[in-house]
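Next up, some structures in structure tokens.
Heads up, the next two complexes both have subunit A, just with different partners, subunit B and then subunit C.
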Partner chain A sequence: MCPNAPGSCPRGYPMRKVAVVAGGLSRWGVRKASWRELVQEAGKAVLDDAPDIGKKEIDSLFVGAASPDRLAFQCHVAPLVADMVGVYPTRMMARTEMACASGQAAIRHGWLAIASGMSEVALCLGVEKMNLPDMREAQSTMTAVLDREWDAVHGASAPPFFAMCAQHHMLHYGTTRHQLSLVSEKNHGYSATNPYAHFQKPVTAAKVEKSMMVAPPLRLFDCSGITDGAAAVILASEDVAGKLTDTPVWILGSGQCASGNNSGNWKSLDSWQSMREAARTAYESAGITERDIDIAEVHDCFTISEIIAYEELGFCKKGEGGRFIEEGQSRIGGKVAVNTRGGLLGCGHPLGATGIAQVIEVYEQMLSKVPPSRQVPDPMVGITHNLSGAANVHSMLVLGRDA
Partner chain B sequence: MARQRKVGPALPLAMDFCSPQTEEFTRISRFFDELRKGRLMTTRCKACGALNWPPRVVCPECMSDELEWVELPRTGSLWAFTELCAGAPLGMEEDLPFSIGIIELDRVGLRLLSRIETPYERLKLGMPVELTVVKLPGKKVMYRFKAKGRR
Partner chain C sequence: MCPNAPGSCPRGYPMRKVAVVAGGLSRWGVRKASWRELVQEAGKAVLDDAPDIGKKEIDSLFVGAASPDRLAFQCHVAPLVADMVGVYPTRMMARTEMACASGQAAIRHGWLAIASGMSEVALCLGVEKMNLPDMREAQSTMTAVLDREWDAVHGASAPPFFAMCAQHHMLHYGTTRHQLSLVSEKNHGYSATNPYAHFQKPVTAAKVEKSMMVAPPLRLFDCSGITDGAAAVILASEDVAGKLTDTPVWILGSGQCASGNNSGNWKSLDSWQSMREAARTAYESAGITERDIDIAEVHDCFTISEIIAYEELGFCKKGEGGRFIEEGQSRIGGKVAVNTRGGLLGCGHPLGATGIAQVIEVYEQMLSKVPPSRQVPDPMVGITHNLSGAANVHSMLVLGRDA
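This part shows the complex of A and B:
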């Protein structure tokens, strides 16, 4: 039973307003760079984006990292990041781990630290170094995201799980192979305009359908890449943000919902109740509906995830996600622009960095800082969404700017 | 019982997907002892009657620690399936490609994920499947399912 039953989520309780005031990324890809070098690159990028923020003003630090213990053989990473970036938190610091949603977890923690009054300025930095001499390091670490002793022990990693989601969605709703391919084509088209993305070449639907089979029906270009990268944002209280900028991008609300972790608790593979709950909480806490959303960064770890996301976020009716992409409704100029930076499919998915890069995209879209070819006209409200594990946890943020 | 090939170097504990199964290391060692004899077991709460999967030492519904072992059906139907063709985790590379599915066990209202010891091409949604047990390196065992009546 999901504890986030309708009506149980707090809203309207006293919280301070929190703004995103800076964002910066390392180049993503198969990088000839170590974990801590990626941290330094993103740290420089975010501080370069905020010349008016002195590092001494940063009183809190949250580091989104899914598995530095395995992929960099390093625990206690928040102090290491503080050292690399040269900040010395005096209020609150921690690593936040929620597998593929670790980056958004960092931002949610930073948001709450400031909203509560404890912190004034928080650095939220996400990072993952996934390409190592032996590719099995990353494969095994990602497989351990599922219930390792009972599900992953069978070799069930993310691709087989999402493949079965696709199997059920195709069976129950008639979603087609071509509709899956169109998601990949769209997102690779956008990532081709993104100089930070792992994949900077367009991919046609035909190419998706000829790519290597990973877990049927999912092929290589249905899957997000194994990518090294880092991203960082600076969050600030209303008082500080007001001194820095006339165009703050506010965190308007957030939601998160969990359902059972083990396969024995998966009620449905193609209807994600906990995503609907997370979205409802996020929309209510921000005082918006899905119709207000101009731009959405959703967790397209696989093509099928984006199709199910259209439905659970309320952009279309249940089962019509395939038609939604086919009609171009998730492109710029459609009903809602989805994954304009290129998504996980186009940018790659360094687990801890993804949720932060998504917020940077919404922030830069609102400040008209993205290349014109992917600029959404005058976006006022944006959301970011991350799923984690076997899509059993969904995390969401709502961002907006002053009219 | 089919013997799984041992692959790669011995893995340090933190890199082995199969956790220790003996009573020195886990309070549910009986699960693995019974599995060696071909029986798939789980725990049921004596206080509230909830059937737990996977086996527990505390009932997550009512927090009772009075649990009893019960045998699960050896048969079920294939609720969802796929095949892993590439990107196997450590220790499973030489098994590629292999089938994975979610089994709906007969009569008990319980689903679980399992490796399927039947080639992907022969799988169909809803087909009957049955329990099989494999030996893994380090004197460990694990349940699998396969198409009913096939080797």
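This part shows the complex of A and C:
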């Protein structure tokens, strides 16, 4: 453990402790539900998970949503979510947008609102409605998540960009097609246990390797889905959390690092320095090292992303991510259990909801509320990780419970 | 003065003190500049205003932008702004969206990031590029700022909504057409002194009353413009601010209140209860009363908004806002100087930039950096106010300098 007190900022300033005290999800998938109905589903679920919190106690609201402007033709969505859920925040309210990391951004902002003393109880809700009658809207919006004028206009939308990362990783480190497939097999195996997941059938490595080519070497089952969904957590100050529960799950620390926006800023496609920096800050602020981590929810938008994540998060040496999955080290019972809810590959990726669903998984794992088949034995420390844009911005949270 | 310590949260928890230490604007108007070029103009201006702050010291970035998704076909804009300005935040980075209050949201989040101890120096930049080859894009985006499914589809976009507010105020309180015109005359008079403003010509009340009807009783010069622009401030912790300047301008407090999203939630169109609540929280958290306020930047998206603001902010009794402008009480030399930069009516309203430009005006007034013709004598306490949506969400900041 590093010498910083848990819950302190990276510079050691004492912040108020903040706990996750409730979580709730909508069902994820290709939904007939509208954007608003997804919000209502997750809003009801999180309030049902917190019967002792009155709606009036929720004094702040942060909405993680990447592009409701384009996908639901609606902006100013924070007060709209307040209406849909029936809360009327009196302290802080805003939408936080960080593309694929918008959900985690909502939690980081909720955390700061409480840590600063401004807020006592914050609702953080993430949502995205991506399946529309005209699917070109989702596709074109996804190009606007990258640097549209420098990257996307040249065809570097997400699948080809991550395909290039995979090609480099295979070339430099000998990562194999089969190792990529094993990530997909593992995560689809876990999502088969998750009734909220978009994809609830196991997928074998062989099936991954026979699936449609998207951008070489990435095939259909190497890619996360176009998914509708919402997720919400309630955060509370130490005072409030102490009244609600004997088993609070604390936010211990956080980290974020960017190395520019467009892919031209990258020195390397297979070595993600900003992810290492974000992890270092997160671990230091939480007073942990990578060896303390029992469970990790990482941003497997593509199979290669999870393999690189093993390395940059310090779970294995650089270049050994392929072997890490092959040895089963990222499965339950291995060195660290990764993406036990099924990840983005198995659950789908409704942009604003993903970062919040990841925190719910860690929270429920720590309270032993997940199905037994995917329960990690007695997890004490968990992390969640989101990347956004061309894998150049990384955001992380560290969560933990009392011994 | 109320008993709370300045800089404390509404509940009295001691937060770190945060100062505005620099401000910079792009020129506002119908600009040929792109969204990115507007960002660069304001970014350069704010860095030029802070020669002693190295780019590496800026550890956080908050981007206020209402809908770059629709207006610039780009989301994930925070790291893009980092690239354009040349900063690489290592603590907190996100876009904050609250429609017309997005700029102030960026400042409120920057404030919390520093107040909590997470950040030392934060760049808060607001921007909107609203004039596009096809102006229908700006018009349709503005309908998405309101509740599009409940209000906007019935034609209740901003001008007709505020026109209804004006009709009710005239009916209930006897507010006159001429009193509305005087707000426009005052603010265009001030914007004529502001080289960054969209509209730099004085407008007489007679001219307002002869201008094109938009939505009765509101005419063209009762309405703020469709404007391109950007604005940026740098916030710093007390430690950093103390090294940079002998005259820090502090953020003393803040308030925010929502009464639902769609206009059906309103009990009254001319009595804005959530604005009164936001003001009360802001004053209490800052340890001031309305009598302490020397300068106020209020959200005059329409002339009627400023008249109602006089009342809800406590500058005059309910229903006497019309008389307040007629008596010259909101001019420099009156009870409180309102919208000395020219307001939204005179400067235009690039949604994400407005809330930040307002803070720059208060900051520059306190440092006697504005043109002498609009300098308020020795202001000690200033407020900024933004409304968003159908005037049902109100956000406020209180700023002050040391005696």
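Assume the second predicted complex is superposed on the first by the 393 of 403 C-alpha atoms of A that agree within 3 Å, B and C clash if a C-alpha of one lies under 4 Å from a C-alpha of the other, contacts with A are read in each partner's own complex, and residues count from 1 in each chain.
Assume contacts are C-beta pairs under 8 Å (C-beta built on N, C-alpha and C of every residue); 3 or more make two chains touch, one makes a residue touch a chain.
Just so you know, these numbers come straight off a predicted model, no measurement behind them.
Legend: residue contacts after superposition of the two complexes on their common chain; A:T96 is shown touching subunit C, with no touch to subunit B. Within the superposed three-chain model, A:R148 lies in touch with subunit B and with subunit C [touch as defined at top]. Contacts of A:W266 after superposition on the shared chain: subunit B is touched, whereas subunit C is not.
When subunit B and subunit C are set side by side, the one touching more residues of subunit A is C. In the superposed model, A:V214 lies in contact with subunit B only, and not with subunit C. Within the superposed three-chain model, A:A115 lies in touch with subunit C and out of touch with subunit B [touch as defined at top]. Contacts of A:D83 after superposition on the shared chain: subunit C is touched, whereas subunit B is not.
Of the two partner chains, subunit C is the only one that A:A105 touches; subunit B does not reach it.
Once the two complexes are laid over each other on the shared chain, residue contacts for A:P160 go to subunit B alone; subunit C is not touched. In the superposition on the C-alpha atoms of chain A, the part of subunit A touched by subunit B in one complex and by subunit C in the other spans residues 144, 147-149, 262. For subunit A in complex with subunit B, the touching residues are 135-136, 139-140, 143-144, 147-157, 159-160, 163-164, 167-168, 171, 212-216, 218, 262-264, 266, 269.
Residues of subunit C touching subunit A in their complex: 8-11, 13-16, 36, 66-67, 69-70, 73-80, 82-83, 88-99, 105, 108-109, 112-113, 115-118, 120, 141, 144-149, 256-262, 265, 277, 281, 388-389, 392-393.
Looking at the complex, you find that subunit B touches subunit A at residues 15, 17-19, 53-54, 80-90, 92-93, 95, 98, 100-102, 110-115, 120, 125, 142, 144.
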